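Given below, in the form of structure tokens, are the structures.
Each of the next two complexes has chain A plus one more chain, namely chain B in the first and chain C in the second.
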Partner chain A sequence: MDKRTPWGRVVTRSSITGVITVAVVIALWFFLTSVTGIVGQYRFPSPQDFLASFVRLATEGYAGGTLIEQTLQSLWLVACGFFTAIVIGVPLGFAMGYDRRIEAFLNPVFLLLRPIPPLAWIPLAIVWLGLSDGSKILVIFVAAFVPSVINTFTGVRNVDRTLVEAAKVHGAGTSRLISEVYLPDAAPMIFTGLRLSLQASWTTLVAAELVGAFLGLGRVLSTAYRDINTAMILVAMVVIAIAGAFTTILLAQVEKRVIKWRTT
Partner chain B sequence: MSDIQFDGVTKVFGRGGKPFTAIGGIDFHVNDNEFISVVGPSGCGKTTLMRMVAGLETPTDGEVRVGGEKVTKPGPDRAVVFQQFALFPWKTVRKNITFGMRSRGASKAERDEAVAHYLKLMKMEGTEDSYPHQLSGGMQQRVAIARSYATDPGVLLMDEPFGALDAQTRTIMQEELVRLSHVNPRTVLFITHSVEEAVYLADRVVVMGRNPGKIREVIDVASTRKAEKWSEEPIDDVMEMPSFTHLRGQVWRLLREEMGEDI
Partner chain C sequence: MRRDYGPLWPWSVAGLVLFFGIWQAVVSAGLVSNFVLPSPLEVLDRTITLLGRPFAGYLLHEHVFSSFMRFLGGFSLAAVIGVPLGLMMGRFRLLEDIVTPLFEGYRYVAPLAWVPFAALWFGTGIGGPIMVIFTGAFAPCVINAYRGARLVDTYLIEAAQTHGAGEFRIAKEVLLPGALPSIVAGLRISAGLGWQSLIGAELIVVSSGIGYVMVQGQSNLSPSTVMTAMFVIGLVGLGIDFVLRFVEARVRAKWEGK
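What follows is the complex of A and B.
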């Protein structure tokens, strides 16, 4: 009965219900905007306006670039900020979880930096690096850094002590302890951190591009807002959602491949 | 030689707070290839005693020597089988069994041979590439025991290894352990709550007392086992033999005295 989609999801009764719900919402949207005009086009676009704006963005472009250019720009910034953050954050969190002296040394810095919302860094980043890519990458880095450090730290600190002892009594040295016990045991928590970092990256990217950018989906959003182009605003929102979901699915695929031993 | 010597071994926990003497001066010698069961009321320090042999705890006073060498840290000459199996969930049966062998630098051929050997011995052929969560509790503990044996340690330390298993599986495992220690004799320190298990498996049963943890009495089983030919009978028949019930009663009486008002 069940069919598998390319995402490995199973088509079930509940997903059929989901399709029906979406269909009803679109029908209602069509009814309220195009058919009756209860909601005017300056408040919310009709489905036709939405499609027209999408085609316009995809073909002739908007706010300095086409759909592909704008999306790739945003993806590129997210990738730069996210990867820099996790490449530094995960080992740092690991070291803090593994060695209490390193934790004692670094924790005060975190206690000072953590309460600052990442978006509050935007003005300083712009003063330092202008409206370049660098300032956005910096802000994304700050936002994505904290979750990857904290979750890796927690995962390593809460390692199963019995497994550590089992490895020690079977002759494992420090390098095997780290690579064959601490790392796999903390892996699910590390991936939780990566997921939160990725979410934070997208949130921050949009905010940073809204404040000032020459290209990117946030720039499409801010330009459309100045033009009071509700259809284009909606297009940008939907594209950001799809791009974000795409990266999240990608990360989930990596996780599935790394954590093969999952018990559930 | 892998004998164990306890020399005035004392362990006090809780620096700063109220100190608690878990082990109060134990002198005892375990012979090479001897199987020792340790029973005692909870809180008598039997697990602490084992952990000091493993090198997971350090005595506050006195010392533990294995094969004449003072124990300071864990080493591949002493392997532990834990009550909760402690298999690596991210490693297959094969990788779990060979974990300790790799510490010793065993070649791939040696490792493959050991995996085949132990899985055959435990009637678990074909599970090489399974992950622990795909196996039953009894099978997981067999893998854990194989992991410890495969490391080829002089001393095997077992901390209530069958405590988490159901009654039937437990009985089968006890029989298998007897078989295994015939094929591969090792010095074994076996901690248990079960008097039957202790008497059935051991050459000598150590009964411990508490406050502080100490050795109350040591009961010889090996001579009876040999004279009554226990190893030729199935476990349930052995447990009904008068020679067995007599020793079991003896251990029980000592334990009951030690437990005192807890019963």
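What follows is the complex of A and C.
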């Protein structure tokens, strides 16, 4: 498997099987919808319909905007909610992990609110802020907040005590202790939290936009559902998946940079 | 080193008192209208009312019951399909190679994005919501069963093979017990995601259940009803997690005691 040629790592038995599987699935899709019509267009779209709908969304637009506009709207809301959540959540989790008094102070309230799934905040957000961008950002914030606090907390709490002691013996002050011992040691766990936060952000955004929105990928999805336009439903699902994957990969790249920088 | 802070419980009490105190005070002082934020006491009062007077067609606990049955349906389906699939992927390399690309694609689709297809295919009564729960709960079942199966010592499998065990017996008596702690941990994650997906489905298309109570509360501009439902949803979620946590602890104790 590990040949020394540049292709050795790409062309493996796994990747060949994977390519064959995907090809078979696409062929089967084509066969069931376009060729035989066993699966009707109101159940699942044919590959041609799917492509046509994609082109339609990209050029003339659907549900109030083109592909770019709808995607940017959703990305923008996720970014707002996610960044607000981590800017507040990570320091809070850090403080809770660093000082047991802060943990004792905040934990009961946190335990009380945590079991409420983020999606359950949607109606309240709508009562408070209507169908505006604000209500969606609020819900995404709630969704992304919890994992970023919990994981940062766990990461900081599990920092190797010996390291902390060693740094103190060598005369490190609180700020150096935080920047050179706690943060680097807790970084992998913090990033795990951020990844979970990001995932939760997308799930919640889709739900919030399905419940009610004027623009965005969830709006495309709900309009397509109302029109029983299965091809557009599939397009929206695929675009949501790609946008989610894109942000996840972006975060993984950031993680790689940050952790490398920390350890060297 | 442990810094000595003295007893910590006063901090916890202070946190809770402050939280509910500020909430009640803000409402009592009339800083926000109760159409925006009801006081904690109003929410409690509303909860008691909804248990005795039908809202959106049913009593509160009847709504909860119908949601919970849907949850059980979708969650069991995810476990019954996902766990064996994960185990088999851990056992057979070919299956792993076939499923992985499809699975990676599916994983990036947010569970709630399946709602339109679920509603078109299976309706909004029972089938649709069950499919949405299934899509939410499926991934952790598969991933954890797979990881668990990969951790099983290959010598054990080979030993079973030399003693003439068939694939079914290997799965039942070697893979499953070996992977059990990982599987149960996966089921806990699944249950949380499944419960939350159900709430989402009920918000969007379904017209009964605890999620629907929230939708009705929202359109009647009754935030106390919405918050009652949030409270109940949290409570049921906590209950589900508590039961699975108990199972997990039992499994772990048994497994490590071996």
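Just a few scattered comments:
As a convention for this text, the second predicted complex is superposed on the first by the 247 of 264 C-alpha atoms of A that agree within 3 Å, B and C clash if a C-alpha of one lies under 4 Å from a C-alpha of the other, contacts with A are read in each partner's own complex, and residues count from 1 in each chain.
Keep in mind that, in the parts below, contacts are C-beta pairs under 8 Å (C-beta built on N, C-alpha and C of every residue); 3 or more make two chains touch, one makes a residue touch a chain.
Predicted model, so just to flag it, every value in this text is computed and none were measured.
When both complexes are superposed on chain A, chain B and chain C sit side by side without a clash.
Judged by the touch definition given at the top, the superposed model places A:Ala120 against chain C, while chain B stays out of reach.
Residue contacts after overlaying the shared chain place A:Val39 against neither chain B nor chain C.
Using the contact criterion defined above for the overlaid structures, shared-chain residue A:Glu165 touches chain B and also reaches chain C.
Put chain B and chain C next to each other and count what each touches on chain A; the higher total goes to C. After the superposition on chain A, the angle chain B-chain A-chain C between C-alpha centres rounds to 90°, nearest 10. With both structures placed on the common chain, the touch criterion links A:Arg176 to chain B but leaves chain C unconnected.
When the two complexes are overlaid on their common chain A, residue A:Ala224 makes contact with chain C while staying clear of chain B. When the two structures are aligned on the shared chain, A:Pro184 is found in touch with chain B, with no touch to chain C.
Here's the short version: in the overlay, chain B gets within 7 Å of chain C at its closest Cα pair. Residue overlap on chain A between its contacts with chain B in one complex and with chain C in the other: 165. Remark: chain B residues 54-56, 74-76, 78-80, 82, 84, 86-91, 99-100, 102-104, 131, 133, 147-148, 151, 157 touch chain A in the complex. Taken in their complex, chain A has these residues touching chain C: 13-14, 17-18, 21-22, 25, 42-44, 100-109, 112-113, 115-124, 126-128, 161, 164-165, 202-203, 205-207, 210-211, 221-222, 224-225, 228, 230, 233, 236-237, 240-242, 244-245, 248.
Every residue of chain A that touches chain B in the complex is listed here, in rising order: 162-163, 165-173, 176, 180-181, 184-185, 187, 259-261, 263. The touching residues of chain C, when paired with chain A in their complex, are 1, 3, 5, 8-9, 11-12, 14-16, 19, 36, 94, 96-102, 105, 108-117, 119-121, 192, 195-196, 199-200, 203-204, 211, 214-215, 217-218, 221, 223, 226-227, 229-231, 233-235, 237-238, 241.
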